[in-house]
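Across the two complexes that follow, subunit A remains constant while its partner is subunit B and subsequently subunit C.
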Partner chain A sequence: MWGFNITKTRAIDFDKNNREPMMEILRLEPSIRVCIACGACTATCTSGNLTPFNIRQLNVFMQRGEYQELKKEMHKCMLCGKCTLVCPRGVNLRHLILKTREVLLNEEPLFAQN
Partner chain B sequence: MQPNYFDPFVLPFTLSMFALLTFLVFKYGSWIYRFGASDRKKVFKGFFSRNSWLAMKEIFMEGLLHRKIFKTNRRLGYMHMSLAFGWFLLIVVGAIEAHTFAKGSSPFYFPIFFRFFVPGTHESFFSDGFTQLMDLLLLFVLSGLFLAVLKRFKSVWVGQTKTSRKKPIDRVVLTSLWLIFPLRLLAESFTSGIHHSGGFLTGSLGTFFGVFLPINQLAYPAWWAYSLALGFFFIGLPFTRYMHIPTEMVLIFFRNWGIKLGVDNPVLMEVEINSCPKCGICIDTCQLSSMAGIHNTQSVYFIQKLRYHEDYNQVAESCLMCGRCEAVCPVAIDLNSIRLMHRADVSATREENFGFIPVQTRTADVIYFAGCMTHLTPTIKNSMVKILNASGDKYWFFDKEQGACCGRPLKLAGQLEAARELVERNRQMMMESGARMLVASCPICYKTFAEDYHLGMEVLHHSQYLERLMANKQISVEKLEVSAVYHDPCELGRGSGIYESPRAVVQNVAKLKSSVYQKENALCCGGSIAHLTLPLEKKKQIARETLRLLTVEHPQVIATGCPLCKKSFTGESGTKIMDIAELVAKALVAKPVREAAKQQKEPVYL
Partner chain C sequence: MNSQNPLHTESRWRKYQKEIADDHYYYARSCIRQNFFPGSERAFLKIMREELNKDIFDDPRHTTCTGIAYHSDIVPQETTSTVIARHFALMTEMGYQNLAISCVTSFGLYTELLETWKHFPEEETKIHEMLWKATKREFVKPKNLAHSSDIFFHNREQIAAKSQFNLINQKTGESLKVVEHIGCHYAKIFPEKGVGGAEFPYVLAGMVESWGGNVVDYPERRHCCGFGFRNYLVMANRGYSVANSKKKFESMKPYEPDFIVANCPGCSMFMDRWQYTIAEMEGTTYGKNGYGIPVLTYEEMAGLVLGYNPWDLGLQMHQVSVEPLLDKMGIPYNPDEKYKVKRNVALPLKPEILMV
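Let's look at the complex of A and B:
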């Protein structure tokens, strides 16, 4: 009677998600590859103090190819650069956010179907 | 009767000169045509004003004498001066000589080829004097040319560690420029040799060449070659860096008439881009070049990319915006503003705004704004709170709970639209407090408060505030037994012109040592948030190298006025890095200043 369709599947199908924009972002700022997801960036973030803005989560969104969420969150960042200064791995998060904005803006049609 | 002063060889020079003048008239006309109404009004108003005279004086000092290049290096200054001022004098004195002789009208190319048309000695006023003078001036130009050739082989001999890489067309036209003067020397010498005339240089060279060369046959082709070299140079000029020769003069006039380039007013941008002489003085001064091994992003290359419409995105992002190149640029091009304008602004189409920033207001006399970077270096913040409590001023710690950012980091990243929104939000809150003064601990914030906020209240960096507190005896300090060298932060020093206040503060609390790298020549710590792509390792490299240069005098403390400088230096330095606020807080005499404090018998800490 209820079947398996009662809840929407939470599986992420990488074959469906367009990973092109992500690859482009990684090409523009490769330093994110060494991220250990420690969350120091999120802890220090000024915007994150005022609103549920979470840099570490943004990274997860990006890696999964879920750009809609990413795009919405992205512009809460004030680019103050604290995240970059505290990052123990030297990831240039400020530039990463800037480039993500740029790529998502330019590649609108690429991820529209998702 | 007027003799016929014409020979076909004058044509290359004459025609190319006309072509060049026509081109320039149209080009400059189109620039003025594109000015906004207010700027065009300034042009018409300024044209007949005293400012035009000031502009001419500036053109003489900078365009001909090259005072600024002399300040950078004397040999380099002499090279540019002898070529520019020498050639100018050659034209002016030549014209006077020719007109004294002709006593009336003569074709405009006549002075240029005077010796060809009047080859022998003649009896007009001061003729011998003119001949010798012209030879002297030609020698003057040739001495500069010698240095220029030398510079091509080894630029260090002429005072530049690195000189700019030139485009092929620049090299071709450069060669024609170089050929002009030796060819003139040859042509005049041959003619003088034939007619036994000429001054100490051309006369004696003519006699000398006459011994072993068929100068009778060589003279005429030499004049042709001279005219061709001139013609080639004038035709090539608009496409190369030599466009700076006429454009720089136009730029100086525009500036003196009050037209200014800003991030939101790009009106002078094309004029400035065309005024860049590609001298490459900005290369040696750039720390990315000298300390981080990045050689493709210096201002000269950025401007070149803009001028030839090449892809500039990556280069636009790769700059510390420390302003060291602006400080030495002989043309004073607004390099930082131009670069900022070319960083892609993707914030105009953003979906979210900064509505999440809580609106808060409080009444106070003084607003204290620590800034994001100061929150990362809490000792500075705590020191300032201690000082503010001791001062007795009624203050409001604006971003105590780590509120909004000032907006300058967005602006430095080119996100002008988002920056504007943030500025407006903060401004509203600040205005409502009714404060008379805003104190910022971070020079990055200070600069934007002072320039973009239009608050109508006094905006101070904490160095200025501390200086004032000490002068007003609101706080008293005891001099510490430490020696300190003061490191000028880029945004505070070259960016805002505040050099003396922090030094006065340091002098009050410590022994101030001087450094070669101070004031306009101060170095960047490497941590600048204006550079969007610099990897951490290179930032550290710049910080280490800067620290090495700052500590030659072995100070016990490096004092600075910027939390970001402190952050970049700490960890790389063996010497203690302290913000001036920390120094003052440490030197603060725990003495009750106000009645309230007297009753407590204790200074107020927070």
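Let's look at the complex of A and C:
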């Protein structure tokens, strides 16, 4: 009838986005707080080499509270751990992925909690 | 340190002021306003002549400035420049030097042209020749270029002195909450040509404050209304256009504004009509009880303050009903006179979602 639709805004409203899951993930894996977004993780990622998977982008999605996008990406990780090996800040990215899956996808922990 | 010096602050603020001629104007009408809100320009001329006793010439030979076509990349700059040069020639022939421009797009374009000629005098020479070849006319550049909202701003206290109604809620005694929206081409292109510049445009806020209202300072206050020429003119792009207005409505809604006032033909039109579109497409309305937020032009606002009949001002041409605002201001009106049709013509059906 109209010939057009109202374009959805791409603005990120921090007042509306629920940041509770992010706080929980940060509590479970606090090392991500020192990330400098250098992209070494993405550069070395095997999955990222074969697909548009981008670990650095996952952190951006998490910080913004955009969990739908984050959930879509989670299973692309093969948990090889190369990102953790190359991180110049010592962020435990493999553990971060596991904990994010637990929080967002309600997956059972692979390892017993400390 | 300097910012704490009041003299320094004053001198800095002076940069944001502009010179507005006091009398003897040649009036450049807007092509689209005469269709959207035809009462506005009529009210402007009436207020100028009868309330402010100014000399203003309304020339029937005046045409579009081609601004919409120019900003849609349909008309080349030389054509636009020559059409505007013809307007200057008409003004010169009638013995005027001050130009009062009704439309913000035209105002931006006339200013752009004069600035271009300042930096590239050879372009001015070329347009002199083109105009002579086309029309055998010659022109002198205007001494003063003012948007017609500048002129009301300049005379706002005189209008306030003659006011019959104020921008005050008669039931509560509180000032009305007014959203002022300045057209982008008023001061975002050439900030020094607008009252308050691009950062603190004060042209409408000054009127609102002088006439008793309170200006709402909401987050998306300086956001574009979304018209954007091709954003609207190409149907596939209209979703982007309406999304901009929606962003503004959502940002202003929590402040419960009583009305919106705009100084640009496109802004008045789209902020009014898009409220109906959003109601139909998404079921959202932004006023109280299913109504929208009324949108006025500054001439309509001045006319209401001066006690003019709302239907003579053309307020029935608005999509969003203005009656809730008239009730708040205590302005009497006859609902039966809202639509006076001479022939037996059926009025359009009322929308189902947006209350009118």
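Criterion: the second predicted complex is superposed on the first by the 100 of 114 C-alpha atoms of A that agree within 3 Å, B and C clash if a C-alpha of one lies under 4 Å from a C-alpha of the other, contacts with A are read in each partner's own complex, and residues count from 1 in each chain.
In the analysis below, contacts are C-beta pairs under 8 Å (C-beta built on N, C-alpha and C of every residue); 3 or more make two chains touch, one makes a residue touch a chain.
Quick caveat, the model's predicted, so the values are computed rather than measured.
Residue contacts after overlaying the shared chain place A:95 against subunit B, while subunit C stays out of touching range.
In the superposition on chain A, A:5 makes contact with subunit C only, not with subunit B. Once chain A of one complex is fitted onto chain A of the other, the partner contacts of A:64 are absent, as it touches neither subunit B nor subunit C.
Between subunit B and subunit C, more residues of subunit A are touched by B.
After overlaying the two complexes on the shared chain, residue contacts for A:19 are found with neither subunit B nor subunit C. Comparing the two complexes, no residue of subunit A contacts subunit B in one case and subunit C in the other.
Put simply, subunit A touches subunit B in their complex at residues 29, 31, 44, 46-47, 49-51, 53, 71-76, 78-82, 85-86, 90, 92, 94-95, 98, 101-102, 105.
Those residues of subunit A that touch subunit C in the complex are listed here as 2-9, 11. Considering their complex, residues 235-240, 242-243, 246-247, 277-278, 281-282 of subunit C touch subunit A.
In the complex of the two chains, the subunit B residues touching subunit A come out as 317, 344, 346-347, 349-354, 356-358, 372-373, 375-376, 401-405, 407, 409-410, 413, 415, 418, 422, 527, 529, 532-537, 567.
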